[in-house]
Every structure is written in structure tokens, then in C-alpha cells.
Amino acid sequence: MLRLDRARVYDPVQGWRGQSRSLFIENGRMVADPGPQATVERVIDLEDAVVMAGGIDIHSHIGSGKVNLARTLMPHDHARTERAAALENGAWRHGGSGQATPTSWIAGYRYAEMGYTAAFEPAMLPVNARATHYTLADTPVIDKGAYVLLGNDDLFLRLLARGAEPQRLADYVAWMLARTRSLAVKVVNPGGISAFKFNQRALDLDQAHAYYGVTPRQVLRALARAVHDLGVPHPLHVHTSNLGVPGNVATTLATMEAAEGLPLHLTHVQFHSYGKEGPRGFSSAAEAIAEAVNRQPNLSIDVGQVMFGQTATASGDTMAQYANRRHAHPHAWTCIDIECEAGCGVVPFRYRDRNFVHALQWAIGLELFLRVRDPWRIFLTTDHPNGAPYTVYPQLMRLLMDRGYRNRMLDAVHPEVAAHSALRGLDREYTLEEIAIVTRAGPARSLGLRDRGHLAPGAVADLVAYRDDPDRDAMFARPSHVFKDGELIVRDGRLLAAPQGATLALEPEFDAAIEAQISEHYARHLSLRAEHLAVGAQELADYGGRAPLILPCTRHG
Amino acid sequence: MAEYVRNGVRIDDTFAEAFGMRATRLLVTADHPRWAHAAAASACGFATSVIGCGCEAGVEAELDPAATPDGRPGVALLLFAVSREALAEQVERRVGQCLLTCPTTAVYAGIEGEDRIPLGRRLRYFGDGHQRSKVVDGRRLWRIPVMEGEFLIEDDTAAVRAIGGGNLLILARTRESALLAAESAVAAARAGRGAILPFPGGVVRSGSKVGARRYPKLGASTNDAFCPSLRGSTDSALEPQVGCVLELVFDALTEADMQGAMRAALAAICARGGAGGVLRVSAGNYGGKLGKYHFHLRDILPEQDP
Amino acid sequence: MALPSSQSRGSSVSGLILTLKPQAPEALDGAGLLPASLAGLSPAEAARRPLAPGIELGECFTVQADPAAPDHRLTLRTGARRLARLGCAMDGGTLRVVGDAGDLLGQDLRGGEIVVEGGCGAYAGAGQRAGLIRVRGDAGDFLGGAADGYEGMRGGVLLVQGRAGARAGWRMRRGLIAVAGGCGDWCGAEMLAGTLVAPRCGARAGLGLRRGSLVLWECPPELPATFNDAGVAEFVWLARLDRWLAALEFRLPPLTQRARRLVGDQGAGGKGEILIVGG
Amino acid sequence: MNQALTCPFCGLLCDDLGVESRAGRAEVTAAGCAQARALFPVPPQAQARIDGQAADWRAAAKAAAERLAAARRPSIAGLGCDLAGVRAALMLAERCDARVEHRHGAALAQELRATRRGGSLRTTLSELRNRADCVLFAGTRAAAHPRFFERCIEPREGLFGARQRRLILIGEAAQTAPESAALEHALAFPNAHLAEAVQLLRARLAGRRLDARHWHGIPIERFDALAAVLRAAHYGVAVWDAAELKPPHAELALRALYDLVAELNRDTRWAALPLGGNDGAAGAAAVCTWLAGRPPPLRYVHGAPQDALNADATDLVIWISAFDPQAAPPPDVPAVVLARADWRGGAAPAIFIPVAVPGVQRPGALVRLDEVPCLPLAAPAPADLPGVADVLDAVRAGLAGRSAHAAA
């Protein structure tokens, strides 16, 4: 047994708000205070450090094929390399490269070094599921999982267009979830990626798909219903139509209503909160979006905060990314139509603080953070790497917690932004407890990770200790201790070990008839067999990962 | 008024009152010097006074082919205006109408400076999309296709602080003696660099005073105190022997250039001497209230009698 | 004995001469060998500078003072083309290479002057922004071209007295390349802008040329069919260019104003040109 | 049993093969091409050898580690193996500062360099099969992918109904009559001129006047007619194979083709489908990119991945060819060969270690030539041979403590 003394624990699930206490760990799990008689093999004095459960990133593109495309398009990002080096305990630390699009080994190290112990790839194509899980297996330390991308595949769209029963669609969704070892379902530009293949260049919520005649609203409702009926813990993860288009706030608000009370998670909402007011035809609509979230308890969002610097935008949204291609920096971009399933588009991008649009995007993201009242329904993300690489999280936390710092940065960006955003008037400063919610407890609850995101007895002993520092950026960037499954893996920001994390997945049940129908569809029309989409448990272990850990398909109370 | 005497010419202890202006230098080259001069004559035409012409301009020097950016013969032009904006407008008009149009010419910036005004930057649109940019030796040039080939013009030039309104008044016995003195003075002043004399032949006969007595709306009117024929009608500044007064007006890039040009001119006037009919040299000023620069004649006197 | 212009820096008074040791590793990254980073160091101090992680400069080079040179001059005696990325991102001073330079000579050069007494490898001047590179011998392929992670040449001057290999000026964006000995095939391919001057070049010059000028004395063989002949005309800027090359003391036949103009690549917008001097 | 297996022997990864094991050897019983039928049967055993002497594979791996430790500039090349093998190769390379290259690295590099220098719109096999009403074969007839026509072009009944495909061949491939499908347009010329031909097409598509009336004997009007056909497509696909174009200038043709596709796509839909990916090249590119930030060729310097600068002479090559029995390592360099049991790619190498063929003797995974789909490989005829990753891991273990920066 390991005892951690003098831990000022912030655990919103247990209502702990920084009181100094001891924590007990055994066999990789948190355990209750065993009393004075218990044998404690090891004691670590945390010296009143701030302690939280390990960070959980609910939306980070670290595994899918599009990230690999982004890497190949950004040779400059990979000119800075990291050496392979031996770790203290003899485990091997691999080499790698990249800042905005880090290679997988170092992506895992960097998450661990800032106290994150889980991250989830939000856009996995079924045909790319195997490669995604292999990449995640090569992303050490953290626990991981992936959301299967549905809603633009021709099989689903034709089922929907032919008026298939909700149960049939749910079977289809369940089959995809189970076979591709996914943890949730994501839809990107519902129907729009497919419509682009038919030369439609835009598709609004109630606009008909040129071939199937269905609308994004129908796609969204069908998937949200299926996800709900299957008991998938995480609501349908939605990247709405009209990504990045000025004035898209109307679509986003309509999408929120379209759920008709079903749970819905809207992702990287910052990119969907744009008005078209003002002399530049681009304005912040964060207030309207935040009010809608505040009003509708069935909604949760993650922000997709923009921070300044070079990054890459990578999305399944071929339609939007094709339109964005002219902004590519450096000037190289790739869009792919994929296997009658979906698509992807990669556009390298540099956000500049002196650019009005970029700086307003930055302000819009912060406005969302500060205006949404319930921290349990908003999660901290940059949509890595779309808004910025996840390594900016400590700085983002400081922006949320330190109003003076926030306003100084507002003074430094494009001068018109302060006038076009209400940011300066927002006094709110996040507390440590709120940070613990938006970076740990909230994402864990939303994903159905019952033994993660908190430190109650029985929880996985993923926890992190930060030396209290008024400079929250410095504090969150370099934890004093990080424990993964009860093992001390980081000391003073330095990685000590790189164990393999778990892959979390669901295995919902489905009617066997759907399997036959899917197999027939693939065999007859596509260039690969449906059964080859299935990722085997043993093959993941053979490759170097761990067999998936199956979570129950029931929603959180 | 204290006086200095050189070679029989009295020189007033007064000063020429001069003003700040903005100026640029353009180098105009051509296949043959006569085309460079033809272009220059047009570009500097009708540019005697900012009052009515928008700018004051003149040929500063003829350039040896070895000294031009493209190894062809050429001339250096100086253009002066009251402001950066006025200068930019005049440069664009004159270059567009007189240099773009003239066979074989090319135009380069001839002066360094932080403050840039467009030279070819807007004129390039004459190329209707066929214009091409070239950066040569750190300078951006525009190649504008024209019927004869290509008009080559630098993207921008510098607008530098400069001085206008330096002057000398030659008081002589006769018109002939005044003209001869003025001509030799202009030739001497033009031999140097950094200054021009923008009036015809470098000489102005219609020296003016500020405002008018009879016509209130007039900004300037004849300098009656120096008009010999008005000696009986006004408070004349002229002694009875003076039969003719001519003025030399100078624009220069720097105070040193101004002094150099005025010194050369004064020396040439003095060289004509009393024997040549020159009686006195004076300068125009407004009592020192209006101009920033005062060029005292005592500072530019010839050393002694030549 | 007093050395001129050396008083202010105490004992560090001279430039340095670095001579490559035969036992040095075969493929060496020379990116750190910059006049500025070694300026003011004694030979012993310079020898202890890291050349790469875990390798000290002195392991690969013998280091001597160069009392005849000011301390912003560095001389490398290299032998064969082993040292890659010499002068990478250099922003001032003078780097003299006695012998050959490897690939990526002057990559991302921002200022100063590099003089190579011998030849150089591929991608000399890749991404060069400013400054001057002189190569007395021959240059490899992709002179001023776009190496991975870099654009083509973006500014400055690249002068090669000998021959250049294939695809000189590939994706060049700005600046001047002049090659006295002529260029290989695909010269000026996909060039975005800028000027490349050579007496002659190999086949298929200018393919994919978007803007920019190739100035040649002989019409290249197998000119792409996407170039149209604009005939002969007078181009004053060639006279201007001629003066510039003379000022750079770079010897080429004189550039006349009169040239044949071939416009293309029509497949890539048609805004580029090949000028054949003398018509 | 063993229905619908994936064939690892070209980048298409046809996954509809019937395979049976007879006396320890796999035999294709349904749906394979001639190449698959020739390559599936592989002997279940072969002898590892050190300098010609028979040895246990573990001893051979240990000997390889010793030679690797003594080498100054080793390379791991060929790289014909599954994803796990590539991963193991990188883990070994970072320990000994090796260069890593794939047998088809030159074609990979041409593709990479072309896509890094502008826009690229691409598509995948199923999209082509179901949507394409116009396919432009640029300098290729997909000869390196025997079932390409059968699986992607010939099926006319697609998801969106019957499709009349217009097929166009340009380049060398048009110089001989095709065995499949009637072609409407064929412009025959050497592939070396492909870049120029595509620029011609772009010029005419953009409505630009040309002096030329003919090009290599082809009237310019034929380019105009072709441009009209391309423009009329609803979903056009341009197909090429970089391996059939000569590096290093092939990238100019590829860049021009990507630009052509992007220009056509302004009004209608067009996409490119680059072929390639044989001998596990697509998987090697994928794994190297996610682990080392770049596809091969790459090199490690002091344990950090970098772009390979130039083709340095190497002094020891670890040559991997688990799929092709004839792939030969570079001549005149001592070689450690990890290859299928029936490998006969040249003279006896310094060390030979037979490995199991992924997809025949051992499960694994590969990435298809269109880069996105990643397919499982089965083991219809399991053999008692180590996998590529097993051997490379053993070599790495043998290096422990030897590498200069291992203890840094």
C-alpha cells in the first residue's frame, strides 16, 4: 500500500475542496483509509501540493489517419526532434518529433508530463480503426479510446433514406461501435461529407442531400436516438454543419434544438459560434450559444479553444476543409473522399494574434468558457491540433483562472478585438474546483468512465500533484508528481516510466440480421469486407497494446 | 544695414528666408541623352513655383552612363513640393504623363530615405495585368509593357525633408548687366549638386511680396519696393542708379546644398563686379517670421575680391 | 605587436580556421559552424563547442587561429563533400570553405557571405532569404531549390562559377541565381518568381514556371510546348541586371537589352518568361 | 475455412481470397491473381545461416547485433513487412542510429514531395468503384496491381446505379493496346513527358492560347477534346503510379496532376488515386510517420529521427523482405537478410534469418495503397518461424548496453 500525505485534494465528485488529507493506493486503485494498523510500504509526502485526478482530454486528434496526413504536410513541425533516451528505471524512452503534430510516443509522454492520464481520439473512420488503435497503442502512458465516425456513410444514409426503423439504425450503430472498438459515436457535418462527393459545396441543417434527399437534421436525430437507445454513456458527439462559416451561430442553435431533448454533445463549439456582424462580417456569437447551453440541460459542449501559433487543422469535414484550403499555411493541403464512408481534410494553419479573425476566435472560445455556467457541461479542449496543440492547456487554464492575465493578453492581440468581444467585461475566474471539473470529473462522467476522473475508493489511481503557484500556467505545466495506475511516473515534470495505458471501448449488442446486411453491402459494393473492419482484442496485444477494456453500456445516473 | 563689398558689389547684411519642403530625386535614363533630356524637359515643365504648379522641379545634373543604374545616359531630376502628399501626387502625374510616355526611358529612385512615396507602384496598373515585378539589387522594379518594349520604373522613391525659397536679388545698372550677372550665377549654381533653380533659365523677374494692397484676395503681388519704375510711386528699396532687379530662386535638399548653390551664384555675381554693372546683392525675407531657414549672405560671401 | 581592429575583444582577436579530420564521421551536419557562434572564441574554446549532441567540434576538426582574418570570419577546410548544411540560417559574417561543401549549403541563409572555393552538393541556397553565396566550382542538383521543409530561394544572391545540376531554381520565389557554367535539365521548374541567369541550360527548362524569369543566351533544347514565342524586343531591365552582375564581380557575357521572350508555362498561369539574350 | 483472406502481395490488399493449407503450404483456391497464386505457397521452414554456417535464428540475431554494433553507418532497408515489423525496425534504428528506407522509398518520396508543395484531393478504391464516371490513367495501366481493373474499374453496377465509365490512358501505358476496357482517349508518349503533357492539358483547360499545333506528333486539338471530357465528368479520378515515373523529376508530373485535379474540381468533382504501396510500403509510410514524423527514407542521429539527407554509402544493411522472394539488397554491402523462407534475392548474405510471411504464416496488418484502410492479415498456413518484429527485437536486445547513447 502507498500512502500520500499532505495532499490538498480537489475532487468535485466527493466534494473535496482542497483540504489537506492522506490518500491510499493499493493495486493501482484508490482505497479507503485502512486505519492505523494497516501496513503501508511506502509514504510520499506531497507537501500540501494541489492534488487532482489525472487529466482527461475528451477530444484530441492523436490517433487517426488524418493526423498522419498532417504530419506529412508539416515537415517544419518535425524538424525539431527529440532523442530516444533511457529512463531511470531502465524503461526506454523513444525518440520522436513535432510540436503541433507530435509523433505518438512523445504525444503520450507530453500528456503524462502535464498530468493528463487519458485522451480520446474523436474521429475514427471504421476503415481506419485498426491503424488508429495501433497508433493509440503507440501512445504510451495515457488511457485512450476512440469515437467512431458515422452519419456520412452510404449504407447508413441509404437505410435512413429508405425509412429504416430506429431499431435497425441502432443495430447498425451498435455493430460499428463494437467491431471498431469505439467508446462513442461522432457525427461530422451530418450528411455533408457525403454531399460533397455529389458536388454539393454547402449543406445547412434543413437542406436536402442531393442524392439521398435526407437532411442533416434527420441524420442527427437518427444517430442521437440510436446512441441514446443503445445506452452509450457519451451522447452523440456532434461537429455541426457550417464549421468556421461566419454566421454559423444560426445553424448551431438550430442543431441544439434539433435534438428535441435527447442528450447531445457539441464539439469544438468555438468554431461554430460565429456571427456575421460588424464591418468585417465576422463577430462573436458566444453569448447566444452559451445562453442556449445554459437553458438546455440535455447539452454539453467542448470548446476547441484557439491559441496563437502554427498548427494543423485536421477534420473529417471535407466540405469545410476544402473551402478552407486557401488559408493553408504552409501552402499545402489534402482532402480525401474515403470509402463511401466519410472523408478527411488537413489544412496546416497559423493563428496570428495580430489577425482580427484569429484573435476574435481566441476571444470567442474564452467567452464560451466564462459564460457557460455549469462546469459539468463544458470541457476544456483545443480540439488538438485544430485550435492549438494540447500542450497549451496550462496556459489556457491560467487564462481562465487569472483575469488580469487574460486582459493583458487581450490588450496584446489585434486592437479591434477588445471592442468586438465582451471578454473584458467577464469577471469570472475559474476556481481550482472548476478546473478539476472541466478537465477531469466532467469528461469522465460524460464518457461513462465511472472509476476515473475522481479519487474515491475504487477509482483508478490516476492522480497528479501540482505545487501551488499563483502562476497557474507554470503550476499546471510541471506537476510535482503524476501517478498512473498507482505507479509514480512523473517527478517534477520529468517522466520516470512509460507504461502502456488501457484502451477503453464499448460492446453494445445488436441483432445478427444487421451483420448480414452490412456484410452483404460491403461484399457487393465496396473494396473490402465488412468483417475486416473488426479489430481483434488479441491483435492489439500482439502489436504492443493492451486488449480493450470493455465499459458497460449504461448511462451515468 | 551693414554692408560688405566684393569687387565693387555691395552685399546687404540680410538673409534669404527659406521654408521646409519635401523632395525626391529621380534618375531618368534613356538610350540616348537627347531622349533623357526630352523626358526631363517635359517632366520638369511648368514646375516653377508650388503656388501654381504643384511642385518645383528641375534637372539637377546630367549623368555619365557609368554612373546610372542601367549603364545608359541619363539625368537626375529634383522635385520639391510643400508636403509628402503633394509630392507624391506630382511625382505620379509627371512620371505618368512625361516619362512613361517618352521612348526608351527608365526611372529609378535617386535618393535614400525611410519615408517612401509610390513611384511605379500605382503606375504599374497601366500594364493591365501584364506588368511584372523584378527585384534587382535590392530594388523592386516594375516592367510595364509599352508599344516600344517595356517601361522600367522603380516601385517607390524616398520623400526627404528639403528646403525651398532660397534666393538672391541682383541689383544692376541695366537689364543687360543684370541678365549677364544672373546667367553666370545660374551656370555656377547649376554646376553643383543638390539644388535646382526652378524658374525659366533659373531666373525670376516677378519677385513678389506677400498679399496685395489693392486686391485683398490676392496671395501675392509684385514686389513694388524693388521695381525700378515705381521709384516715384512707392517706398522704394532701390537707389537711383539701379535700373533692373532680377531674382534667383533656389530649392535644395539640405542646408549645405543651399549654401553651396547660393555661394557659387554669389561668387559668380561678384566676379561680374561693379565694372560689369552690378551694384548690389540683396535677399528676400519676411523679417524672419515665416521661414524656418535663414541663409545670411554674410555666411556665403566670397573670401575676398576675386 | 598590435593587431588592428582587435583591441576591444581582448585575447579573442582573430578568425578561426577549422580543418576536417579524416576520422570524422562520414555524414556530418555542419549547421552549427557559424561565424557568429564561434566569434571571439579561442581555438581551445571553439574545439569544446558541441557540433551535435554528444560530439564536440574538436573531435571532428582541428582548430587554429586565423590572425589575418577579423573575428567574424570563419574558414573551413573540408576536403570532399561531407559537411551538409554549412552556413544554415547564418545571419552575418563571412564563412569561407576551402574544399567542397555538402548538401544544403547556406540553407535558410539570412545574411552575410559564404564563399566556397570548391563545389557544393544539392540544394545549395534552399530557403535562402538574403545574403550572398559564391561557389567557385560546380553545384549539385536543386540549386536554390525547395528542400523538404523549406521553400525555394526567397531572396539574396547565389552565384555559381561552374555548372549547376538539374532543376536549378526549383520553386524559387525571389532573389537572383547566376550560373556561369550553365544549368542542367528542368532548370527553373515550378519557379514562383525571381531571376535565374545562365548562358545555357538543359532540356525542358521552365516547366511549371508560374512567374519569374530565366535569362539565357541560348534557347534551351526541348522547350516545353506550353511556352509561346513573343518575338524579339528591348528589355531595359536586362541592362539594369547586367550592371548588378558587374557590381557583384560575376563574369558572364554582356547582357544586351535585346532579347527573345518566350512566355509560359501556359499550364501554370503563363506569367513567367524565358528571355534569350541577343534574340 | 479460410475464406475472404487478405492478400499481402500488392498494395491493393484484395481481401476476398480463398486460401487452403496443403502440407503446410498455403494455396490460393479462390479469387487470387497469378502473383498471389505464386507467392502464397511458401515453405514452412528454412535454415538461418551466419556466414554460410547453419545456426539457430536467435544465434543469428545475436550475431547480427554484434555486426550492427560495429557498423558505422548501418541501414535497415527493404522493409517489406507488416506494421509490427516496421515498428520494430524503428525501435532498432533509434538504438543504433540507422538509416531506414523502404524498397519503394523513391516512389514514396516522390509522392510525399509532390503533396507537400500544394493541394491534393484524393480518393479511395470504393469511391472510385462506385462513383467514377471518368478515369484518367496517367502513365500507368496499374500493371503492378493485377486486380485493379477487375475490382475497381470493371464493376459497372455500383451503389448509385449503372455507371458508364470513360477511361482515358495517357503516357507510355497508351503505347500498347490495353487488355481491358475500351478506351475513348489515348494519348501515347513516353512517361518522361508526362509533366509537360499535363501542363498542356491545364493550359487548354484554362483556355490559354498555344503556339504549338502539335506535340510529339499529337495534334493539340486532341488535348482540347480530352479537356472537354474531363470537364464533363461528374466524379473523375486521376490514377497514377509514381513507381512508373522516373525519380527525381516524377514529382513535377505528380504536382501537375494534383493541380489539374484541383482545377477540375472547382466546378465538378475530381480526385486523385495514386497507386503504389507494394511490399508493405503504405504501412511502412504510415508507421514511420506516426512514430518518427516522416515516411522513409529517414535516419536517426543520436536517437532522434531526421530526414535522410542523401544516399550515403552504408556499411551494413539489414534487409527485410517478408513478401517478395526475389527482392535483392544493395550490392557490395554486407547484409543481414530477414526474408521469407524461399528467398533467393541474390548471393548468400552474411547472415540469413528466415521469417514468417505475414498474411500466410503469421497474422499481422497492412495499410492499403490508398492509405486509409488498414486490413488484417491472417495465417492460413502457420509456420514455426519468427516474425520480422521478433527477430528485430532480438537484435535490439543483443545491442543492449552497446549503443553510445543508450545510457545518456
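Which chain is which? They are A, B, C and D, in the order written, and residues in each are numbered from 1.
Here is the rule we use: contacts are C-beta pairs under 8 Å (C-beta built on N, C-alpha and C of every residue); 3 or more make two chains touch, one makes a residue touch a chain.
Computed from a predicted structure; not experimentally measured.
*Asks:* So which one's got more C-beta contacts, C-D or A-D?
*Replies:* A-D
*Asks:* Just how far, in Å, is the C-alpha centre of subunit D from the one of subunit C?
*Replies:* 36
*Asks:* With chain centres defined as C-alpha means, what is the inter-centre distance between subunit B and subunit D in Å?
*Replies:* 75
*Asks:* Please compute the C-alpha centroid of subunit A, do the same for subunit B, then give the distance between them in whole Å.
*Replies:* Roughly 72 Å separates the two chain centres.
*Asks:* Report the inter-centroid distance (CA atoms only) between subunit A and subunit D in whole Å.
*Replies:* Centre separation, subunit A to subunit D: 33 Å.
*Asks:* For subunit A, which residues are shared contacts with two or more other chains?
*Replies:* 75, 78, 83
*Asks:* If a residue has to touch 2 or more other chains to count, which residues of subunit D qualify?
*Replies:* Within subunit D, residues 116-117, 302, 304, 307, 405, 408 contact more than one other chain.
*Asks:* On subunit B, where are the residues touching two or more other chains?
*Replies:* In subunit B, no residue touches at least two other chains, as defined above.
*Asks:* For this structure, give each pair of chains that are touching.
*Replies:* A-C, A-D, B-C, C-D
*Asks:* Which stretch or stretches of subunit A touch subunit C in the complex?
*Replies:* 75-76, 78-79, 83, 330
*Asks:* In their complex, what parts of subunit B are in touch with subunit C?
*Replies:* 29, 69-72, 104, 106, 132-137, 141, 143, 148-152
*Asks:* Please give the residue numbers of subunit D that touch subunit C in the complex, ascending.
*Replies:* 72-73, 113, 116-117, 195-196, 198-203, 206, 208-212, 215, 248-249, 252, 255-256, 259, 301-302, 304, 307, 309-310, 312-313, 404-405, 408
*Asks:* Touching subunit A in the complex: which residues of subunit C?
*Replies:* On the subunit C side, the touching residues are 53, 148-149, 151.
*Asks:* Mind pulling up the subunit C residues that touch subunit D in the complex?
*Replies:* 25-27, 29, 52-54, 84, 102-104, 121-122, 141, 146, 148-149, 166-167, 171, 185-186, 189-190, 204, 207-208, 224-229, 265-270
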